[in-house]
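Take a look at the structures listed below.
Each of the next two complexes has chain A plus one more chain, namely chain B in the first and chain C in the second.
Entry: the complex of A and B
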């Protein structure tokens, strides 16, 4: 009997598949259901059609969060990759023990919890007695309230972000660098190619697949940024986003609607809107990759 | 170009490179170093006078650590975080390796579809699942419980994917040989395959530890009572604008939160770096 024969296999995958179905598939489906209902978590959900979606799209917080997100992504993703690429090339130019030493030093911020990176940097950014303002003071620059001045808040976040993520991306790019055959460089040297020509004609083209991964992954995680702006602005569910919502991001807005405003239907709809955006971006990235490989 | 000039240009370039590498290393490591210096200094010394460049008092630092453990709920939060991480690691490794064993080494109806669905999960953002998962956990009566923290995170698609990648390389002959020796299905998993994947399991355990220790969003909504606060929540509260704790307490809490992942990193740097590089190059 075929089922009896396969039974051991199904028993072995059962724990994973059951947990996966209950805590991953079911939440997605139930989220879809809630997203079309008005629900505060206690009352019986009331069907409202697409009202949650239209309400979010029309809300001022949503456009503010999206505006912030675009500005944030436009800077942090490309800059982060450039820094990571630079670090990887720098580490790769050393050999042996020193190469490992610098790699580990640059990677250290990655293993710290993100919540901790945000809290340490809050001390560094603090007005008057914060480390950064003391250093600026040596050069006669007056104290800046980095986390409360709408002109600097975004950049303060991006600096923390790059401090944390550069080492992560660097390690992935380093693995890519190691996979480039050394014969390519030898041949280029014989042809008289300069270091710079080697970088632009061998290293970067050979790294394309890795850079694509880093870029796509960076975009997806940047779109869901939460811990760092939440803690940098000292947010709570009743008050979040920082001064004039300068550091309000979509996931913060979603969490605020759920746990501050007790609007679970709206929050579920928010999650789906965000997912649609992420799926579209991922799709575009994969499309671009296929297109660039075909050329 | 004379050999002399070539040498000089070479050294100037190398010196610049070293200076740059060291400067960046300082930027990367200094905030951590600075935190250590603030904790290991006399209590009450204003931070503002000079940026602390080195630790000045070992005793004062130890005092602060014993004080924070004795006078705040930090020790309990520490215990909660460690338990949360250990249970998650154990669950992710067990459940994930059982499933990976089947998906990577055997054929059975539905294998491709089920594995495909799990792989799709890698692309679904947390944003879409977190609210409904919270609702489910609250329906189960699991708010403010350890199972509420741990269980929803056990079916890790990433962990399964990583283990499957690794187990695919195991020669089928070894499985067949064990079967001819009379080993049962579960015995093959336990005595043959698991020992072969020790490296992958260690790597997954470390990555899971770092991720669980650093998880802020899920404990924030599931553990709303003080009894279930994790290190992340306590650190967040200590650092909040309304906190009534002194700089010394807050910095000590920050430093202690950094210690376990940093120790793990110093011991397992090779596995951590390789694990991340592997997940990147195969993704």
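Entry: the complex of A and C
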């Protein structure tokens, strides 16, 4: 009897399946249900069809949030990987104590609570008295209002984001670097390959599976960006996104609709639109990887 | 034998009933109330006084325990909304008047009208009538007891004014005089004012220099904004005029306070909560400052906004006791002690009239400021403010200051966008 035979196996995965069903499957399915309803979290949900979705897609804030998101992703993901790769190569070139020191130093921002990181950067970016403006002042550059000037706000966020995420990506890439057989470099050196040639013809191709992970993870994280712009702009449920919504992102807009406007149905629909976008991007990434492996 | 068995059964049942009865009595007596307050009321001297209030109340109500928790603005709202959904709303809690409608909408606030009316007439009459009325969307519905309040004021750095050749002994009486002083400050190489377009409340403060409560806030019946286009055009022109004079930081930024403390900023429009910081700086570094009313367009008219923090009670089995506690902490004796400790204006008019309280300079100016100020989000307790509303106001004010619109265009576009937002 197959069921009886596999019963111990089912029992072994049961705890996970129960937790998965309660904490993932049920919220996802109920979220999908509420996304088609007008619901304030307490009242009996009222079916509204796709109205929540159409309302979001037609809203000014959604367009602005998506525009900001595309610009943010286009810069922060590739730049973040480049910085992390650079740091990983740098740390990999050290050995012993120094290697540990730099690895820990670069990883430090990852373990820093987001509010603390944001507070530090608000001080660094402050006009007139901020560290960065003091340094700029030494070179005769007038004070820049990094967090309120719409021309600099996005870049100020990206700098913080890279500062925080570089350490995490560096550790992953570093692990990938350690797995590249040293014989490949020895053979390349014997064949007269320069450092640059070794990087482009050995390191990066051998790191590709790791870089793929970092890239995919970076894209998914970037699409859900929330805490850093929220904290840097001093946002609250009633007012968020900074000057002229220059740092308004989808998750912030979703939070505002949920807890500011008490429209949980609309917020659930927003969440599903974002989920669809993330699933599509992840699917495209995996498709591209499969295609490149087939070539 | 049968009789013995029946007797035993009856005895057991009686014992069980007595035990259940005792347990019930114990449960009726031992009640724990959850009490959520603003985080700055849950630290230092403020917390000590809140704990004193709790002790006095629990001493008079044996078996009652009150747990006090401090929360930030967003945590209060999120916790109360989520609590309403899960049936765990704190029994007594604070929040801002402007989120009252959301909390009523999700069922987090009990209608305490009948309990309030059962209070002695003397206690009911202690509350500021307007403040109490703002908790009442209908004659027989009362959702909160107004608590601490604020009227925004103009904090002035006297050293900066003197350096700019301005006599600080006479505060500006009109917007024209104030603007003239701002220009003098800038000409002397210092900043006049923070960027007032960055925060909804600072936009409202400047709007109030021209407009009033009737031309601000929400027309809930027609789901439109009450902002008047001509008034907003005048106000947006003020923002354009202030661009070269401002710091580029918002009124809430630490950088703004730093500039004020270091004698580089002349004016700061904000509520009384900033005073402890400036008072500390005065003691530590000799900061010379004062606080006056925000001048309006004409002599006698003042700008600025007012609003109250509120105390509300959750519906449920503890509602009666929770209301008693809410009524206790908002009663004159407690409110006078609270006002003296914080030097903060509150909604208990009888406490404010206490000579020891009204003599405090900050309270004196606060009371005058609140009387002349504009309600920040009236009418309250009618509808949930859409999340797009405040950001739309900020967006168009900033865009006009940046030169993307003329003031007239900015006002027209802003009102159209606000009406669209309200209609959603």
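In this section, the second predicted complex is superposed on the first by the 276 of 295 C-alpha atoms of A that agree within 3 Å, B and C clash if a C-alpha of one lies under 4 Å from a C-alpha of the other, contacts with A are read in each partner's own complex, and residues count from 1 in each chain.
We take it that a contact is a pair of C-beta atoms (placed from the backbone, for glycine too) under 8 Å apart; a residue touches a chain by one contact, two chains touch by 3 or more.
In this text the structure is predicted, and so the values were computed from the model without any measurement.
Once both complexes are superposed on chain A, the partners chain B and chain C clash.
Once the two complexes are overlaid on the shared chain, A:149 sits against chain C while remaining clear of chain B.
Looking at the shared chain after the overlay, A:236 reaches both chain B and chain C.
In the superposition on chain A, contact is made by A:275 with chain B only, not with chain C. Within the superposed three-chain model, A:41 lies in touch with chain B and with chain C [touch as defined at top]. Between chain B and chain C, B touches the greater number of residues of chain A.
In the superposed model, A:122 makes contact with both chain B and chain C. In the superposed model, A:135 lies in contact with chain B only, and not with chain C. Touch criterion met: A:94 reaches chain B, while chain C stays clear of it. After overlaying the two complexes on the shared chain, residue contacts for A:260 are found with chain C alone; chain B is out of touch. Stretch 221-229 is the one among 95-103, 221-229 or 257-265 where chain B clashes with chain C after the superposition on chain A. Within chain A, the residues touching chain B in one complex and chain C in the other are 41, 122-123, 128-129, 234, 236, 259. Within the complex, the chain A residues that touch chain C are 40-43, 55, 59-61, 122-123, 126-130, 143, 145, 148-150, 234, 236-241, 243-245, 248, 253, 256-257, 259-263.
Listing the residues of chain B that touch chain A in their complex gives 17, 20-21, 24-25, 27-29, 31-32, 34-35, 46-48, 50-51, 94-96, 98-99, 101-103, 106, 108-109, 114, 117-118, 121, 123-136, 138, 151-155, 157, 160, 185-186, 189, 210, 213-214, 216-217, 221, 231-232, 235-236, 239-241, 251, 254, 257-258, 261-262, 264-265, 269, 272-273, 276-278, 280-281, 283. Interface residues of chain A, counted against chain B in their complex, comprise 2, 6, 8-10, 12-13, 15-17, 19-20, 22-28, 30-31, 34, 41, 87, 90-91, 93-94, 102-116, 119-124, 128-129, 131, 134-135, 163, 167-168, 171-172, 174-176, 179, 210, 213-214, 217, 220, 223-224, 226-227, 230-231, 234, 236, 250-251, 254-255, 258-259, 264, 267-268, 270-272, 274-275, 278-279, 282.
Against chain A, in their complex, chain C makes its touches with residues 73-74, 77-78, 81-82, 84-85, 98-99, 102, 105-107, 195, 197-200, 247-250, 252-255, 258-259, 262, 264, 384-388, 390-391, 394-395, 398-399, 402, 417, 424.
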